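Here chain A shows up in two complexes: once beside chain B, once beside chain C.
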Partner chain A sequence: MIEHKIIFAGPTGAGKTTAIGQVSERPPVSTDVINSDARYNKATTTVAIDFGEITLDAGEKLRLYGVPGQHRFSFVWDIAARGALGVILIADNSLPEPMKELQFYLDGFASFVKSGAAVVVVNRLETHPSPSQEDYVNMLIARGTPLPVCACDPRKKEDVLTVLDVLLTVC
Partner chain B sequence: MHDDSMRLWRESPVFKAVCRAEMDELRNSTPSVQAGIIATADGFDVADVCVNDTYSPARLSAMASSMMALAGAVAREVEYPNCESLIVESSGGKTIMMSLPGTDGRLVLLVIADNSASFGMLLMHARQCAHRIQKRLNLTTDGAAES
Partner chain C sequence: MQSTLTLSLSGLPDNDRLVLFALFTLADSQLSTKWQLATGEQADAMFIENVEGANLMLLRPVRTVGGDTAAYQLKRPFQAPDLIKALETAGRALTNQGAVSGGLAAALVQLRNDLAYSEAVWSLSVPDGGKLWVCTKQSGYWLDGGDNLLSKLDQLPYLEWSQEPREALGQLMSEREMQPLFRLYWMGGMVSGRGKLLPWLNSSTPWHLATWPSFFKLPHYPTFPRMAAAAMKKPMTLDELIAFCGNNRSAAIEFVNASVMAGFLCEAQGYTAPAAGNSKAAAAAPAKEGLISRIRRKLGLL
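Now for the complex of A and B:
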């Protein structure tokens, strides 16, 4: 059986844990704890990893790892990324400067981004239409790392499955 | 909404002073102890006493919170009710992480020690330190601090 490891990364509150929870066949392994950081209006935050599993129609098995968003946990990114096939980078379009924020994660997963083993996902486009999907495409071309850009609501299973499909196509 | 109890601990000079005093006491009773750090469950450093100033309390706090969360996930996976402590054994020494009693998992005590003392003594003294902090700060099981 073919097995792949996929990473979900991006800023705090982007929907990494939510996305994995939507598509995992079993309740994911969770390392969410109570959030004490007033900068983020959320009750819990991931401090180690999320882990979920999904078997695709073609029989491929995907192991889905979510990593923390906060920079103080960047050591987890390197550990989780070992042996991964590709990375899904979720941009939170409700942030004041979502494209600027995304740079940090593009750098954090630079080897995947450079080799094209990554997909950029933009959330909350209905409520925050700017920057647009096209703005992201252009920004990625301008920095010399063109990547597919998908609109996605991490709360919607179909959206997340589509993103996984796109990632597997480019990887 | 975020949880304010951990932020209040982080910002309380009294809280930090008590934690530091008790971790100093741990160091005095157990010279193998190289550092003691109190971290929040979401990875912020609250208080620390370090012999070795190459240790970064900020980095170690983030790591301790990740480790405790992972250990908690392992305990849940095998249907054990909780994870109280976690031990890293190395030829260089031992690292103990334990949930601070009375904080409902919101605070973690990290103790770093070399191998010069027996592990049993180290563990006992670390536990006693955690309980002294709980007692002095009136930490109750619902996670509230009175001071």
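Now for the complex of A and C:
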């Protein structure tokens, strides 16, 4: 069976698992555990790779991987991203310094970012308008890695589909 | 009171000058604008010799985008109707100097090219109320009448910017919510095209995306992000964009109009499509495209 994969990465609570759940054929297989990090207002959090999947023609599979948000699990990223079509990097605008946090992921997935096979997604832009979408765009241009920047509510399927559409175009 | 425009024939050889002087005397009564002959640089317009005959040059700036410049060319042997056409066209352009035809997009181009030099607030109004204020220094605009006002402005035959008093800026900043200027240019592109590429754009131009559009603040069709991504990856002509967004011609045209107006899409200078190579990547490209199509089909994105 041939497998293809797309990676969702971003800080804890950014909405990776929720986004995958919007398009996966079955509920995402998660390894959520009780969250012990008081900075994030959520009961459970992803500590290892979780994934959803979509069956393509002739039995091919597209796997959607959410990789752990905690920095201490960043060693998992290399393994997960090997051979992936592209990466969706989710920024959580409700965090105190979302663009600084995003830098960590831009560096962690540098090969995808450099080749343009990546999309930056900004969650919670409606409730936290700063930094703006333009701020993200300008930051990416300034660091020499222009990428699409999509405002997205991972709870909305059409938003997640738009992000995937953009990634499939640039990857 | 109707003003008189002045015409100079001093850029012509003697024979041509004599012929055009005679024709001008005959045509004078048929012109809707009053013209009189003058000398050299004092004139509003001047005939200059060229290979085929004469070319009417306007010696005052005119703010009409996409004017009928062919009307200014007169071929030998000179004919009275051609001279009348040239002077009528020039008269319209010179007497409408501050106004611009061509809809809201043309007016916004005029604003960017001619008026964006100061902290001044410029405004456009519709006769039945509603007003648009713009301050390029603040990169913002204010609307009295909502986005519908932009469509109303676009339908007026001429638009003329008015300069607001100095204190207008402070008043607008305190009383109204400022919107980003790129949104106004974007909206201008969307409303002025009316299903066609803006007249000063060329359908064969390859466009590349210079800056990702802030779709969060911009009205757009669902296919716009895909087209933006495509033009970010490589320069795309209008036809390529149409094919890329499922043959939705009107969406592709509106995307180009809006994105060029807002400065997101730029002409790709000297771009030529890459030749098909025999590299490993080139060989793998069709397989990858097939995979992307299968994923899109499965997700309902085709």
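As a convention for this text, the second predicted complex is superposed on the first by the 161 of 171 C-alpha atoms of A that agree within 3 Å, B and C clash if a C-alpha of one lies under 4 Å from a C-alpha of the other, contacts with A are read in each partner's own complex, and residues count from 1 in each chain.
Keep in mind that, in the parts below, contacts are C-beta pairs under 8 Å (C-beta built on N, C-alpha and C of every residue); 3 or more make two chains touch, one makes a residue touch a chain.
Only a predicted model underlies this, so the values are computations on that prediction, with no experimental measurement involved.
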item	value
Clash-or-fit label for the pair chain B, chain C on chain A	fit
Contacts of A:V29 with chain B and chain C, given as first, second, both or neither	first
Per-residue touch tally on chain A - higher for chain B or for chain C	C
Contacts of A:L164 with chain B and chain C, given as first, second, both or neither	second
Contacts of A:Q70 with chain B and chain C, given as first, second, both or neither	first
First (chain B), second (chain C), both or neither touched by A:D57	second
Partner chain in contact with A:I141 - chain B first, chain C second, else both or neither	second
Contacts of A:L102 with chain B and chain C, given as first, second, both or neither	neither
Angle, in degrees and to the nearest 10, that opens at chain A between the C-alpha centres of chain B and chain C	170
Touching partner for A:I88 - first (chain B), second (chain C), both, neither	neither
Chain B versus chain C as contact partner of A:I49, first or second or both or neither	first
Gap in Å between nearest CA atoms once chain C and chain B share a frame through chain A	24
Those residues of chain A which chain B touches in one complex and chain C touches in the other	none
Complex contacts: residues of chain A adjacent to chain B	29-38, 40-43, 45, 47-49, 68, 70, 72-73, 75-76
Residue ranges of chain A in contact with chain C within the complex	4, 23, 54-57, 60, 62, 85, 116, 122, 125, 132-134, 137, 140-141, 146-151, 158, 161-162, 164-166, 168-171
Residues of chain B touching chain A in the complex	1-7, 10, 40-44, 58-59, 62-63, 65-67, 69-70, 72-73, 77, 105-106
Of all residues in chain C, those that touch chain A in their complex	180, 211-212, 214-217, 222, 225-226, 228-230, 232-233, 291-292, 294-301
